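What follows is a pair of complexes built around chain A, which joins chain B in one and chain C in the other.
This part shows the complex of A and B:
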């Protein structure tokens, strides 16, 4: 079911009248909670049991179709290791959405996720949409973080919240779609300096003229 | 492009704006700061985070070493632009107190260590027996030697001790070392260090060996050497002091010269023939030269660089003023010399006076003789007992003294000239009296 939906989302919507919006999304969270796996599942539908630890950051894009708009996610999957912590502000700066990931089998990662949320609220753009993802829900037997606890925390801070599993693909697409839904799609609606950008012809030269 | 992005997963130190892989976190940070700093307001809030990040990453990240040359070339332009911007000094904090605390602790440690060594050195060098065995015993009484039975290697150079490389002991700390690692301190030098008032011996030319020196380890030797240097620098005279001492010695030379000059002048005015005008002129020239020297030195002292307003600056100007005053009052304002004509006149007067006196004396004697003749009647005709001038010992003596005077004059020893002249005068007088008595 999930793959079907993701397949539908990937299909480019050729209708000229549909809006195309581009959003910058950043993934944050403790090391080895499954950020990269989550993204890989969302973008490629794959899952690697032994996912390599991310160095610096990874960049992926994925397009999803909503009722009348096409949303293109520019996903910045940051490295969770502490030594890369200082790079994170660079990536969440100007992001319209963030997914803070924790591992439900590890209480510490939840604490770390709370810190990330705090940091985003303080430093990131004020209109940023934050989602909290309790990953590895397939390992519910080893659960250390209660669903209710996390839900309560999310409600308190106005976060989207889902428990996900990159391994079983549970809720992976849902959480991205929920974010896409929550993001302001109107041209003027993009609150803050870094609102959603209309993807148009002007975007093309920009991508070719970059320093790559 | 977009499809490529969809397929590929970029990973690494990606720039969030242009997605270039910067290879290392520090490069990424600097690239981001320099190239994408247009959004200043956001940047400012992040800047300190970047600064902190840079520090952490520079210390921790090994991948920094992977900086490639072409990458450096590529971004040198942006980095230059970044450097061109004038940087404002941010928040600063004085670390002087911390420095002082660290320094004083360290100095304290050195001072106690050095003092301990000096006390030992004092005990060692005072009444040190000359006989080798007694000396060894004396040394071990002052500083207990380390037991070397378990020491297999020289602690300094880590070479093994054997038959040829013997164990030795530092005489100040008692530690073990090999011959190559030991340094020798000359005993005379050691005495001078312990007792700075003792006369300084010049550096010995001969090589210092175990016999005339103390075997020390490098550490002790350095501490002692440091103390020696401190002592020497304390005793060393500064340029200023040397110049001042030179000036004082010139002044001391000038004082008797000035007194002599006054005396010579007076004698000329009195019409005496003891000194002639050229002598006095020469003397004047000498005083002038001394004055010049004093002037030059005092100027040097005044020109010595010193912070204006400090005591040193005040002292320097005071020295200069005192020297100038001394030259003006004592050396330049010498009595003017009489002219040749004046001297001649004075001499003439004196000569006439003397002639007159001699005339009167003769007349008196003549009268006395006539009276005697009247009483005794005409006596036998007088025998001319006049001796040949050349034979007279008095004349000979006078010639010798004249030679002496000439010599003394040449050497500008005017005190001697005066004495000799007086002597000569006495001889002349004696000679005249002798002649007169011969005649009578």
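This part shows the complex of A and C:
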């Protein structure tokens, strides 16, 4: 991932004429693995040591610019507790992308992440782009999930994979950009396309350019 | 790993977590991870409630106000000494709405919740539950991770394993055993956290127990599987919006913003971390006095006070951010003003008979005897996720989805009724290609254009649509006229005709649950073709089974087409409305392919008249 792209996520710099695509992205994973923190880092560039626990779900948007396209992510950040699991499909239905998050210092969360991947593969759109994020990579000293193990699992299942740190911002923008790159952006969505909705005139984001 | 090893690991983990809280901060020197326990920065401002602020305090409490509070304290002390007197009862309402002096809050709250009564009736219970929790609670990990982030900006909870953090852990663990149906649900740490700012461990435990199981507060139904009380209160909230602030409601609907997204914490934790803490306490004072009505009225009041600002925000995330983050930091109105409006709202809602969604139905109440030990099953011991959703969970989700789709439909109705030109001829929409959101909306529109008075609800007509229905909570797809869908191959047919109507006044959704549904004389002829599949949601009642049977026999269709009226359903109000349930693969396993339809469906068109009468 080119480094300049990381910057682009926070201050996108697209030409006014670029194509604007909108994608729904959902974050899933065990409680306290850092889902909300990843979103907060990506959307606002902030990190809170004690991110308020997400009850129900949270919604945020962020726009990134690729070479010829502006991608607007509608991000659904879900609660991790099992009880809220029943509400999750409400959020991932219609999602074109998902980030399944685990905590590299906790083996159980990796197991749960696999369950989420399974559920997405079973229930979500076949063309959904799934990324696996091993979060809290700043705590590598306490690592319980090996990078290679997760990478092998991701390869087997055709997932994007990165180890991230919402705290240090490592790979946070990159994982979103990798997803943006992988999402089909052709108009009308070719065969198998997840069909980004290209925004019509009436639906343009607040400004004429994609920049906020 | 086999089951035994998993069980052993889970119980080891539980013990490890428990031990750390038992030892407490003083005995964990050098054993607390730095990330869990950031250095205390030199000097921060601590407000009068104990919250630590990075910056200058937003408002100073003026000397005048402090003086008023001192004067009030004197009166309150007198009142507390004569709590059971009639004169106290008479004064209580007025004085509580003025605000309980902070120094006496603990005493008054305990009186209002009758904490002592329930505590003395259950001697030793709290300790017993705590001991059981150490051996059995399956919620320890979740509680631990939430204690680690609840109110960390408050001096009591700032330090990891501080006394109050340990108390919070104990209260929640003990409660998870006391009420095994609820166990621990995220959100409860906020409630217990506030109580512990004022009470000791055992009192806070019993106060929590009162909040959940006393019928005045009945929060039990909020936290159990499927969140039935939340659903009920959100529906009531929507009714209030529809009646008193229809424009705002439509504004929300326009962006696909369901109340569950912006107001969840209002109902779940009574405004904790959604309004400034000083205001939150004032609302709690009143909530503890008057119960559930206060939450409903406060939700209404917040939106009423901020309607103008919210109407200017044209994006779902801006609206949510305003309601959840901005209002928490700075509510923009003085607490006294807000409480004044809250009281007005309560009167206003009462006049409209909308102050109260009614007493909790049985499914929202504890079924098991509280305080009796129930051994958790193996799966929850190991912490395994359930493979499938229970019926309750499925229904909870279906309800939200239906609510969204209904809102989208109503918005569509409104748009049509506002436009003077009828663009399409009635009943010509047969055989529309429902391959994307555009045509689906097109079909809805043509339906609505047919008659603004008859509102056949096709909102669940989802199997053939690929995008819009799959995004019931999506920002735009349900409402946008301009959304450009992509190619699809699924085809379904739909057309609508309305028979001459004898009346043009169709009762619209009324704010009251219709016990007897008024019907108009409208007759709607509906041509629907599709591939019927799965079962029907249990909370909708099939109508006209005979006709349905005849229909299916005549056309040799699988017996799974469901025609429903929502009139029999208690939680949906839509008079004169047919709901056509066209289940997709599985109602609750939505097809999410947004670009094309996985299984093309086309069945030649048939017609049948359904007389709603």
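Everything that follows uses one rule, which is that the second predicted complex is superposed on the first by the 181 of 212 C-alpha atoms of A that agree within 3 Å, B and C clash if a C-alpha of one lies under 4 Å from a C-alpha of the other, contacts with A are read in each partner's own complex, and residues count from 1 in each chain.
Keep in mind that, in the parts below, contacts are C-beta pairs under 8 Å (C-beta built on N, C-alpha and C of every residue); 3 or more make two chains touch, one makes a residue touch a chain.
Remember, predicted model here, so these are calculated numbers, not experimental data.
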item: Larger contact residue set on chain A - chain B or chain C; value: C
item: Which of chain B and chain C A:89 touches, first, second, both or neither; value: both
item: Touching partner for A:27 - first (chain B), second (chain C), both, neither; value: neither
item: Which of chain B and chain C A:56 touches, first, second, both or neither; value: both
item: Touched partner set for A:127, first chain B, second chain C, both or neither; value: second
item: Contacts of A:101 with chain B and chain C, given as first, second, both or neither; value: neither
item: Doubly contacted chain A residues - partners chain C and chain B; value: 55-61, 76, 83-87, 89-91, 93-94, 123, 193
item: Residues on chain A engaged by chain C in the complex (per definition of touch); value: 22, 24, 31-32, 49-53, 55-61, 74, 76, 79, 81-87, 89-96, 108, 112, 115, 123-128, 139, 167, 187-189, 192-195, 197-198, 200-203, 206
item: Residue numbers on chain A that touch chain B, as the complex places them; value: 40, 43, 54-63, 76, 83-87, 89-91, 93-94, 123, 193, 204, 207-208, 210-212
item: Contact set on chain C toward chain A in their complex; value: 35, 38, 142, 145-146, 148-150, 152-153, 185-187, 189, 223, 225-226, 260-261, 264-265, 268-269, 273, 314-317, 320-321, 383, 385-386, 389-390, 393-394, 396-397, 400-401, 466-467, 470-477, 480-487, 588-596, 598
item: Of all residues in chain B, those that touch chain A in their complex; value: 1-2, 5-6, 9-20, 25, 28-29, 32, 35, 39, 42, 45-46, 49-50, 52-54, 56-57, 60-61
